[in-house]
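After this come two complexes, each holding chain A, first together with chain B and then together with chain C.
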Partner chain A sequence: MERSSQPQAGLIKRGSRARGETPAYSKGLRTLSISTVIAMAVSLSLVFFYAPLEAEQGFLQKIFYLHVPLAIVALCGFVLGGLLAIAHLRTRDPRWDYRSYVVIHMSLIFAVGTLITGSIWAKGSWGHWWVWSEPTLVSFLIVFLLYATYQPLRFAIEDPERQARYASVFAITAGAFVPLNFIAVRLSTAYLHPRVLGSTSNLPGSMALTFLVSLAAMSLLFATLCKYELTAKHTRAQVRALRRRLEGQAEARRAPRSAAPSLQHVTAMTAAPPPGGRTTGQR
Partner chain B sequence: MIVVTLAELPALPLHTAGKYVAGAYIVLFALVLIYVAIMAIRLSRIERELGELLACAREGELSAGPGERPAGPGERTAAAGAGTQPDPAVPAVCPPGQDDVAQPESTLA
Partner chain C sequence: MTSVQDPPPQDVQLGGMQPPAQGGAQPSVEPASPARTVRQTGFMSTVAALLRKELLLELRTLESVPGMSLFAVSTFVVFHFALNRNSVEGDFAAGILWVTLLFAAMLGVNRLFVADADQGGFDAFLLAPVDRSAMFVAKVLALLGYLVVLELVAVAAFALLLLGSPLGPALPGLLVTIALGDIGVAVIGTLVAALAVRTRARDLLGPLLALPLFVPIVIGGARATSPLLVASHPAWPAVRWLLTLGLYDLVFGLIAFALFDFLLED
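Up next, the complex of A and B:
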């Protein structure tokens, strides 16, 4: 905990400067939510009533418009988490770590959806829930398992500052692994799994349009859920800071151990020192 | 109007691979639904904690005399000991919230 005092003092300084400018994560949430609902409705309508049936797989191919956007958004989310982690290491601003955590967390949920829908598609198409000889499936599972260790890693580190730093390093390394893994699979010789990117031009116009709308809808859903998560965690941190402020013991009680970022900037901004009291940075 | 529109729409071949397609889309729906349920639980917890904090703040204002700074719930015991009698119906300090109990967020997140 010795090394954490310096960055925390920085947080207080930054928080004092920004007092009254607490970031509003809920800004634009309503518009985003409405856009997502509309986009999802349009996407589902196109999938079931506009896109033609594929010649080989028939109606089963409709899973393509769900499974592939889920996978693309999840993988892009992992990479985005790495980019946000770079911003955190560059600026030491905990808000970037907070965003990186939420994006990776949501990508993990989308990855679960990808694996489940992929298994259902495999069962309908190939007759098996899982095919270990298929590199695309196995590589995605490896990426998923890699990111499944992200939360335990965070939870294993008690010091919030160290937790954020180590998690950022992990997010960057794993984020760099994702595109490398993707390229390696595409360069492999087995082409049992249907190719999507790079062959989109081979799709009929109606199918390509449906796919792009589905991808946009899934991206909007991802963004909306991330924003909900950011807002909820931020609100909870504000309530916690307000409780400490009301109790007059802004730093007497340690926050419970958690895998989530500690959001000290919120505490610093909200929990002004009581008269004659100490600030968190004066520990 | 709706009936006419539905009649114009092409029939879905649900008899062939319908169960797989339905299963896949239900998975997405279930994931979103579970997420919404978790968010509802979180929201109700925040609402409850805010209510507790509001009650604490009101109690702090009541216990402070005219012209005095409203005492925080943590300071209430000292203020009561100095002059006024504490209200036995009110706990000495604000009850600890859910956040103060050791509980990893990852279980809900």
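Up next, the complex of A and C:
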């Protein structure tokens, strides 16, 4: 499509230092991945072999160690996306927008996980797939519905610079909405239904430890996935830029329209093609 | 519609309205003109001029408010048949009232910036040497005005068509609650309208973005209103809900005011 590639030419950011260097995105990725795998393994073994069975709910309660960390990480991710968007609006550096996009995107996926695990838990302990009396779950649904419009909003704006700016405005508003919405929904149910589960203060020590380790593992997983996505998108943009250099502008038409921030003005358009690079086999 | 739109008496907008003609034909006017406008335009007078333009436009085209009011009345009729009830009270009444008001408000929100986006109002405003937040304040005030007119019609129609309890004793509490809710709807509505208006799917994105953001208003508004709309001993709304609405208005008022500039940059 012509129009998606059109504006990049005007927006080439010369700030990228990559001329044959490895971009900063993939730095530390291996360490992060390995520590995530270890942390997940430790947390899962704690969940299944160390944490005691809960008296009332039995085995089902184990989903607590998955559901609650997922929810916390997703919410923190949404707020973090808003903070990154503030950085974008202050500096006008498209890389902040790009990070904000990836964080919100990943939080959205975690939010889907939260809703599904929450539903399963509700079915198991209350007998219904959906319970309106659980304020956290309800707030989460509202937040999820709000953030579900993030990608359509991006997708509906063609100019990449404006897309980034509008997305940041949305991310900041929505980030502020998250805590406020929780207050409102909590208020609307708090006095009707006392909360049974979900606060860490009254957990026995072994459960609290397991929970904290699970939370740490989940945060690591979030960070790793975000970093993978950043790296992958960055690499793909670099490859595309290299291809374009190899084939002239003919390839430029193939850049698809997408809700993701266009990376062409972030990555090195000037990156030198690797020696003996892929000159054949395209198309 | 630009032809309908009268330039306000102050020179505030006029300077921005025909910039090409001015800049191209008479460059000698340039140095004098900005100085004059800057001297004239305080923030409040810019807001006043924009608000005047907004209300004049609405008065002459009657695009939003009659449609919103009619929509509200039709919605009450639809609720009557959908719920199969001749009169409602308490929770039901509060819910129906708030849902109707919000959906009717969405109609106004969707139209709020359409004329500016389609007919160069944004460009003209950006060329004028005035504070950009003025447009936000003016639009919020204009939308508030629309909402007040809408509610005059809608609450009266609601009392007439559906409400089973007397409206009189409930009125003071209802006024306070609706006023607090209106501020939130106007603030968020303006921000969302500006966000959605220059996208490809603006009619779709506006409500999609706005409805989840309005949920706290529905919670606060409906919970505050339901004890008012009962037949016996209507109670003053709980402070907690009014505080929720007030907090919402404050937080989003500040956020939207701070962020609006970024939506107007091109």
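Here are some notes:
Here, the second predicted complex is superposed on the first by the 216 of 283 C-alpha atoms of A that agree within 3 Å, B and C clash if a C-alpha of one lies under 4 Å from a C-alpha of the other, contacts with A are read in each partner's own complex, and residues count from 1 in each chain.
In the analysis below, a residue touches a chain if its C-beta (ideal position, glycine included) is under 8 Å from a C-beta of that chain, and two chains touch if they have at least 3 such contacts.
Note that the structure is predicted; figures quoted are calculated from it, not measured.
After superposition onto chain A, the modelled positions of chain B and chain C are compatible, with room for both.
Contacts of A:Trp121 after superposition: chain B is touched, whereas chain C is not reached. Touch criterion not met for A:Ala216: it reaches neither chain B nor chain C.
With both structures placed on the common chain, the touch criterion links A:Tyr166 to chain C but leaves chain B unconnected.
Which of chain B and chain C touches more residues of chain A: that partner is B. Applying the stated contact rule after C-alpha superposition, one finds that A:Leu60 touches chain B and leaves chain C untouched. In the superposition on chain A, contact of A:His105 is made with chain B only, not with chain C. By the document's definition of touching, of the two partners only chain B reaches A:Arg243; chain C does not. Annotation: superposed on chain A, chain B and chain C show a minimal Cα-Cα gap of 15 Å. No residue of chain A lies at the contact with chain B in one complex and also at the contact with chain C in the other.
Those residues of chain B whose C-beta lies close enough to touch chain A in the complex are 9-10, 12-14, 16-18, 20-21, 23-25, 27-28, 31-32, 35, 39, 42-43, 46, 49-50, 53, 56-57, 60, 69, 72-75, 93-94, 97, 99-106, 109.
By the touch criterion stated above, chain C contacts chain A in their complex at residues 191, 195-196, 198-202, 204-205, 208-209, 211-213, 215-216, 219-220, 223, 240-241, 244, 247-248, 251-252, 255-256, 259, 262-263, 265-266. Chain contact summary for the complex, chain A toward chain B: residues 48-49, 53, 57-60, 62-63, 66-67, 70, 105, 109, 112-113, 116-117, 120-121, 123-124, 151, 154-155, 221, 225, 228-229, 232-233, 235-236, 239-240, 242-243, 245-249, 253, 255-260, 274-275. Residues 89, 142-143, 145-146, 149, 152-153, 156-159, 161-162, 165-166, 168-170, 172-174, 176-177, 180-181, 183-185, 187-188 of chain A are the ones that touch chain C when the two sit in their complex.
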